[in-house]
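Shared chain: chain A. Partners: chain B in the first complex, chain C in the second.
What follows is the complex of A and B.
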């Protein structure tokens, strides 16, 4: 009898396009969006629009700058060039372009650039040349626009490298500096797809629990379906366990789909046979189910259940570290991060994947979610009305 | 007029009772503002701070270095607006970076071997979206240090001029808040017609309404007006909370803001209505509207700058109406500048699409009901 009921719950869920979309398809869409955006943050596909106003005429300094700009300009046919450079002579027009967001920065090489460049090259060894007498490249940008600010910073760094190169050619001995980078707190090579895989997986489980289970149970209450079931030999425990199992089934399908998709298209390295990873998945599933039960217990209509589930889930997912790091947020929201059970399962899951170490004590990864599960279940058992009359 | 007032009142009450719709119209933009404002308000979405404070970093200077390097580090850090915190060991640096102790954002291990200085930058794995920024800070620090110890005078100087094209200085939170208002308008507009025409139709409310002597346009106008009022309330709430929590002062051009609000709202209503006509089933239309909103939220330059997207996605972002809603709103709220020609062109296109689609949707739905 129970298996018939379970099958009917699953069939009914599979017939609902809404369930299929939010539980199965939406995680794939969100995962794709997040990976596409963040993978590009490294700058592989970044390019900026730049206006160049070269008033310097001909000379040694101009030659040096031309060589530098040629190396970073797309006009030379370099497809990975960082800057699309447009030459202009009218300052007002250039500023108009910057104002109208049609360019990210303006680089101006002033008239006296060559004269001062020569002065530095030939006379700096004889006497000190003041900063205002040195050749200057002027950069105009709009700091509030992220791309404009970033392009200005990059140009400044490029010119800094030019300085070192020029010093070397002038025979100035500079100390050698070697720069290396190391990421701490990660066990294996970091990969955005892995990072978001864990986040989106937790999101998918919670979507199933809160929206599928939470709203459906509320609907059953509202339409007195449970009341009708009570006229059959089915017990309440059988009813509830079938509802829970059908949701676990959807979570497994969501996991399977996401895993195949992420492995095929984004080479996610998740090892499903790690015991710890499986434990965190079960813990997340338990949390999602208990929250779903809670939503159905305190809501009278599916509509209010949907609103309540959204109000709960929005801060929980964004302040649970599913999509961006949360441990260094402002203290005003940090308290929420620490009471949020999603924080613990997401951090634990990533640690179990060997992706990044969690700053939280290991025991808390299990204890906090378990406390929440117990709390939610107790409140739900107390508040849930099978006949729908609250 | 009395009858119109009656319909309007009934619809308004029904809107307030619809918890799911209230979430997307009121609670969602507010939560978005509070969470993202508190999370990124002072550092913007990509951690590039306009009103920058000192960035703290932990540094361990190895014994191999010797001499008075500490002073050089202090000097150059000050020039770069960085604050070094001296660590006793490499493990200390690692710990500070991992746990963000004393506000440390990244770490540096400085050593020297065979006359080669070595700067090892340490970054927290959890801060993946800021690593690019921190690497560039360590690179700047290494370069400045190199110049400082050699007493090398820069050959080519760089003068950066941060231009401001708005009447008042703008802040990153003000920028985010304009985006939140764009989200609010988009959600309200997209779902408006689906709720009124889709769900009302499903529950046979329109049919019952058509049995009365009233014409369809009163129903349509009452509904549009309702959506507008609820959306205005939502925007006012966002502005008040923005002011109280984040001290955001907008230099609002009321005329431009009203134009943007009206045209954007009508356009979004038209798009939502088209979803309803295509899918017929209000739940399917609502889901499409929600997914469309989520996609727009991510790609329309509200949360992530469009310039940071891959090139092909930048083209896609420029096809999304919310991109232009956000741009026009930033302009109207004095947060950024766009040419007036672009502002008007966008508004004209929006209103042209809406003035064709909304009456068409209204007529089609009423026809379906009469049929």
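What follows is the complex of A and C.
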């Protein structure tokens, strides 16, 4: 690495408006847009599959529950219904449906629900209600599936609605219904800012690698700037390492800005000092650099490099889980999800943030991106023409 | 006896479809301006790039500063300066920053301010290079080639595309380098440039050297020949008539007629009398001595820029 050359690359980048916008500013804008849109999600098209196991029989509590569930069920012809409710009695079969991703959650109304409900109604008048006396609805969901987590969160709101309905009907002090969660894996409050932080960070790194590095290296080749350097004692290794380090510098700046912005304005909780977090960042940077090198190796002009980078990056980012869950996608596109290295670094990064468990085997988080890095570097070393000649 | 700074023996560079350089031999003496002339595709830039260490050769030997090598090594690169045909630098850098960058690449280098003054860019040193004119950019390129105080400087078509004033400025720099005892290896499309600046001119075509001599030596080989030039629309019969005089084959450049002859007085007299009798208008008539363009035409059968 040659420090003056590195400084020159950095100066050149900092004086270029496009670099400043796309590499440093755009990730902040995208992050803001994503968080604003998805934090207010609950839109028209959103619906979840739910299995209802009602073991309570008839009673006051069941009536209240049924009426609330009717309001949210699609079976009543409600166009804005959030849940497609399927009633079942076999717990084992219901759990299998949950594992097979055919339902997002199971709601179980236990046998003693009405008994507990009536007890609360009676004792509420005497103000002698204990927390353990409250009727309980059981929820089963899968922690690592976003739809499952979201539907569970929504169900909490619905239970509040049950409390409200019960109070309204009886004109008595609110008999609170509690909800217990049985969650597979980690259970934490879902934070959209955390979710998109990881996605936008990967996007920012790739944007720097593919567009800043990929296009600039192509430009330097085309304009014979590398050729000029090859007539000096500077080695190709020094030249390339300086180019790579200058792009790593921009990635670090983009990361720093995004982290500060996300922490200050959106309370992102990511602890970057975890070893896993640092590893995933390095892996993502390595992937972005190797893809940028590849783009420059197979492109003759900056325009073709830009086009090629776009063609590569669009499917990679959208089918890599940067902005929405991808493991539930149809098998037609699922193969691309699994060969896409971004899938692994994005899932790994979210796992390292403690945000959600990755459904992928742990070793693959490292192996797949490393295979891509090696492959891209080998092809690039073979194809890259320093003198810009065909 | 003058000292050889570079000697090339049997240098080759073959591509799948073309022999770009086909076993050429030449040598350059210290403190001279050596010019390689040739049309596009002649192999001169490939030759230059092998000697500059940009490309590897497929055969032959290069003896640089007394050291024999197949391809140019890093040690040799410390002692040479290069200005390529294209004059691009890392974008958005200032003139001074470009010089500082190139200075940092060599073990030995001259003070940046001195080089900036030498190429007359003092007033532009804080400007971005992309804002400079073509001539100024070319001076930056030459300055970068001089930053390591090289013993030999390679200038590949340094004046192509420049206006006459800018071209003269570059000529001045090359003259100055020769005065300072530097060896200059020049390639150019411009015959007058080669004639004005060169101590030795090597003419290359189809990957081979077809002649090498001083400019005067090349011209002397053409003999006593001179050229009468004028513009006129002549019929084939009229051309036949002129060819029957004591001239060599009449040449044309559009409507321009070029008559090579060793009997300048006799042919000129006949031409004027004939034009008066036939009422032919001879515009822009002139008589000139032979130049390198004529040498090139005689040797290759075509003009340099064909």
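In this section, the second predicted complex is superposed on the first by the 242 of 390 C-alpha atoms of A that agree within 3 Å, B and C clash if a C-alpha of one lies under 4 Å from a C-alpha of the other, contacts with A are read in each partner's own complex, and residues count from 1 in each chain.
Everything that follows uses one rule, which is that a contact is a pair of C-beta atoms (placed from the backbone, for glycine too) under 8 Å apart; a residue touches a chain by one contact, two chains touch by 3 or more.
This one's a predicted model, so the numbers in the text were calculated from it and none came from an experiment.
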Chain B versus chain C as contact partner of A:335, first or second or both or neither: neither
Contacts of A:223 with chain B and chain C, given as first, second, both or neither: second
Touching partner for A:120 - first (chain B), second (chain C), both, neither: first
Partner chain(s) touched by A:135 [first = chain B, second = chain C, both, neither]: first
Contact breadth on chain A, by residue count: chain C or chain B: B
First, second, both or neither for A:5, with chain B first and chain C second: second
Which of chain B and chain C A:265 touches, first, second, both or neither: neither
Intersection of the chain A residues that touch chain B with those that touch chain C: none
Chain A partner contacts - residues on chain C that touch it in the complex: 49, 52-55, 74, 77-78, 80, 82, 84-86, 88-93, 97, 100-102, 104-107, 128, 144, 154
Chain A contact footprint on chain B (complex, rising order): 18-20, 22-24, 27-28, 31-32, 35-36, 38-39, 41-42, 44-46, 48, 50, 94, 97-100, 105, 107, 115-129, 131-132, 135-136, 138-140, 142-143, 145-147, 149-150, 152-165, 170-172, 175, 283-284, 287, 291, 294-295, 298-299, 304-311, 313, 335-339, 342
Of all residues in chain A, those that touch chain C in their complex: 2-5, 8-9, 11-12, 15-16, 219-220, 223-225, 227-235, 387
Touching residues on chain A, where the partner in the complex is chain B: 17-18, 21-22, 26, 29-30, 33, 36-38, 40-43, 45-48, 61, 95, 98-101, 104, 117, 120-121, 124, 128-129, 131, 134-147, 149-150, 152-157, 159-160, 162-164, 166-167, 170, 172-186, 190, 192, 195, 301, 303-304, 306-308, 310-311, 314-315, 318-319, 321, 324-330, 332-333, 355-357, 359
